[in-house]
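Following this message is one structure expressed as structure tokens.
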């Protein structure tokens, strides 16, 4: 347990030192969302119509792009093999890294989302649903993403392969997330969508670290 | 001149060997464009309205994400310093790499764009403008991107910093590209927008390799 | 002749029906040809490698 | 006692070596030798459970290590070509991280830096280190937390004479405490009373 | 003749060494020595124009090399800690790439692999090489295209006795052709008739 | 007969050699009969006209797209859990076939969609989930291709296939959910235009033809992969000696 906490502390320290990763994932999210009004045009009605989708897609992309930080740097400089040699089961090491990933990516996105929702003219009813779905959905992004990150470890410049593997797996999160917000915006009941999203995250918590650990072990062979 | 061609040949070989880079940049483009209807919803009218913006934003992101391939791998394993020691001026080395980047990213995007335009229900009038703006605009993406890629070389995991630097510089390309297509779709004259885009690319051809070369030299110190 | 022309016209939908069947046959044929060719190539390489090895082992003795 | 009996290892579907036997008792050092590509690194990584044995058995005091690989991992240190030193962190932080992950104490961190004579670089970010200073930082990990078995893959690479002497002293102290060492090298390590294991290319 | 007069170098705003003089004549070899962190790598990188001199002048046959750095770069080979070997390419492709970029011929590529005894690994992807095989691939670049000045930073790292002998032969042949060598090392390179430059930590 | 009976490559090769011509012949025969029935015998539909004939290639392709993924995931599970040496090969060999059929389902569906719905593509639930299935196939193949060591690649791809297999039903379900919300009474759902037997038979024959084709092709590709594995082993052995 002490080692587990030590690993999380280490990863957070590195995240802060290496160019303020937290700050930067957020910046990507902000930039992508601001590109849209530029591409689509400024009409408020159109923007409001596409707001939940744009926000969630941008969140997906921001989470996915920061995945290469998850294991790659540690793999390349030998830290990952040192971590697995620490005596802690690999599943726990992976879980520690997933937690850091969420703290440095999912959480900032969650906090920034309301501001962007205002920029995109999103209707007020959607706010609570937006926050709630982001809170429940972003951990699933980190969990599922870990599998892709681990699988592409031995692949040089695996970044784009990573996106091919991970984005299809992210689609349910996107769909449940958006449909919950849409339901709320139209005054319908968002609960079933949110419950489905929660079920997805719950199922991912035990399964994903296990699958990712298998992939990590493979990459060290 | 022979060394110049040898460098391009080398980079193309590496692009093919390392997980079919060409194929994968394309796949990212396809996937991102596919995410949008999933986020926004399937109504054809809404999709057609946002199609030019979505296509160009996705192209921007795909080009940007493949930028880390441009110098980073060569920098980390010492190939970049070997290249600069080859006796060819650094500006030419950078230009060779920009050309490869366009061949492996811009060109496939250009070819895939019409298919995606169909998927997004884009109105037929826009097709010619889409292809033309992509043909003129994607080289600018590679050129401008090279500066960002060179500047973030010494930053570990500079991926997100890169996006912060590069995306704002990409905005003019996005705006001229989209407005040309929008003009064509609405039966207006697209020519002024296209000329502006062409002027942009022309200006980038001499300036960007020079600026990127300065940044590369700096990173090797 | 009329029957045949009618057949090819597909009730005015020739532009859809024939490409659909065509692409199916093309893709299936391509998959088949590449697989069989790949298999033949692999057989050939394998036998030549084995011959090579046998000859060398014989020469070593 | 760490023992391998009739070990065989594969890399990329190819048998690298087979029928290999070795035994390390408490306080002993075993030095692996052999030409480039004969499998020294492979054997060390196998001993660290990073690779699987293709045949044979590795045992620790008689029990097969594959029964509880986590336990075996916790009792060894592995220092290889990749040195797990983060450029963004200072020398002290780099060493402290691994000490903490392995549940070691503060004072051992100081001791480790002293042992490899890098106390003066304590607060230097590792990206500004020379090759030898980098290596010393990686090696300091050995001293910063206790482990019964040290697996060292060409540990003296980039070290100057002083650095090599530091390593020799660290190894001697470790062995005096009953520790075991298994090291691969091409040049003389300058240890006394070692056994050699010569690997032959297949 | 490659000469440095009253050279000083900075790294990260710190003066690493100053008042350094050296001279290498045709066929000569200069070996840099000194403890870890004394500035050997820094000096080699400066000689390759990858770093700027803070004070003093580097000249080639009397002309300042900063006048036409591209020309100077074209006449040197630099082999450092980073070996510019691509895992995705085979050994042959790795060597051929650098030969082609420098406008060398096909037959030298074979000769280079022969010189470092890696002909049998020709088609192996470099990611499957052992540490020593990797190094030999990097060193083969020296032979694959001609250059008057070789700058070698700890070239024997990971090499076995055979590999070191290959390097010695390659250096001897290079010197016999009138080439110059500047090498940093901690262990004996086994070259005859060399001059030493001892760097002192500041 | 134990699970590992066919683990012996020689035995597998022999058996495959015996089955292959039969499967190939059957596929060709059924395909000819099916095409004749589909293009000539079956009358044009009173609503859809001759476009209904596309069904005879579209529907079997779509079925095969899903069947191949199930096969791939099953083989991956066997490979990962029981370490059956041929399972990885079977999974790898089936992926391009599955991707091919998925592509065909998409293209024929699109072609059919133009006259029927007046558009090549709609973001309908079924269409979208097939498209995502196509991406899963691509990812699976790209992963195999990207990892050199075939044993590692096999295990990594198997992990991906299983994760994908869990995901496919979730996608199907979620896409349905999402779609019905935005587009209730959609035209797209052809809730069984009560197929008559005159159409059912040709359809079944085509489906059987595709299955036989799959079997023949799978065996060919598995034998090819097996050969490639042996070639690699021989080459590696050569190198060291």
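Which chain is which? They are A, B, C, D, E and F, in the order written, and residues in each are numbered from 1.
In this text, contacts are C-beta pairs under 8 Å (C-beta built on N, C-alpha and C of every residue); 3 or more make two chains touch, one makes a residue touch a chain.
This is a predicted model, so every value here is computed, not measured.
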Walk from chain C over to chain F along touching chains and report the minimum step count.
1
Counting only C-beta pairs in contact, which chains form the busiest pair?
A-B
Mean-CA-position distance for chain F and chain E (Å):
55
Rounded to the nearest Å, the gap between Cα centres of chain C and chain D is 54
Centre-of-Cα separation between chain D and chain A, whole angstrom:
37
Intercentroid distance (Cα basis), chain C paired with chain A, Å:
43
Chain A: positions in contact with at least two other chains
18, 155-156, 158, 161, 164, 167-168, 171, 175, 178, 182, 221
For chain D, residues that touch 2 or more chains besides their own
12, 81, 88
In the complex, the residues of chain A that touch chain F are 144, 147, 151-152, 154-155, 158, 161, 164-165, 167-169, 171-172, 175-176, 178-179, 182-183, 193, 196, 200, 207, 211, 214-215, 218-219, 221
Parts of chain D lying in touch with chain F, wherever the complex brings them together:
12-14, 201-202
List the residues on chain F that touch chain B in their complex, please.
119-124, 128, 131-132, 135, 138, 142, 145-146, 175, 178-179, 182-183
In the complex, chain E residues that touch chain B:
48, 50-52, 70-71, 73-78, 80-86, 88-89, 93, 97-98, 100-103, 141
Listed in rising order, the residues of chain B that touch chain A in the complex are 18-19, 21, 24-25, 27-28, 31-32, 35-36, 38-41, 46, 49-50, 52-54, 56-57, 60-61, 65-66, 68-69, 73, 155-161, 163-164, 167-168, 171, 174-175, 178, 182
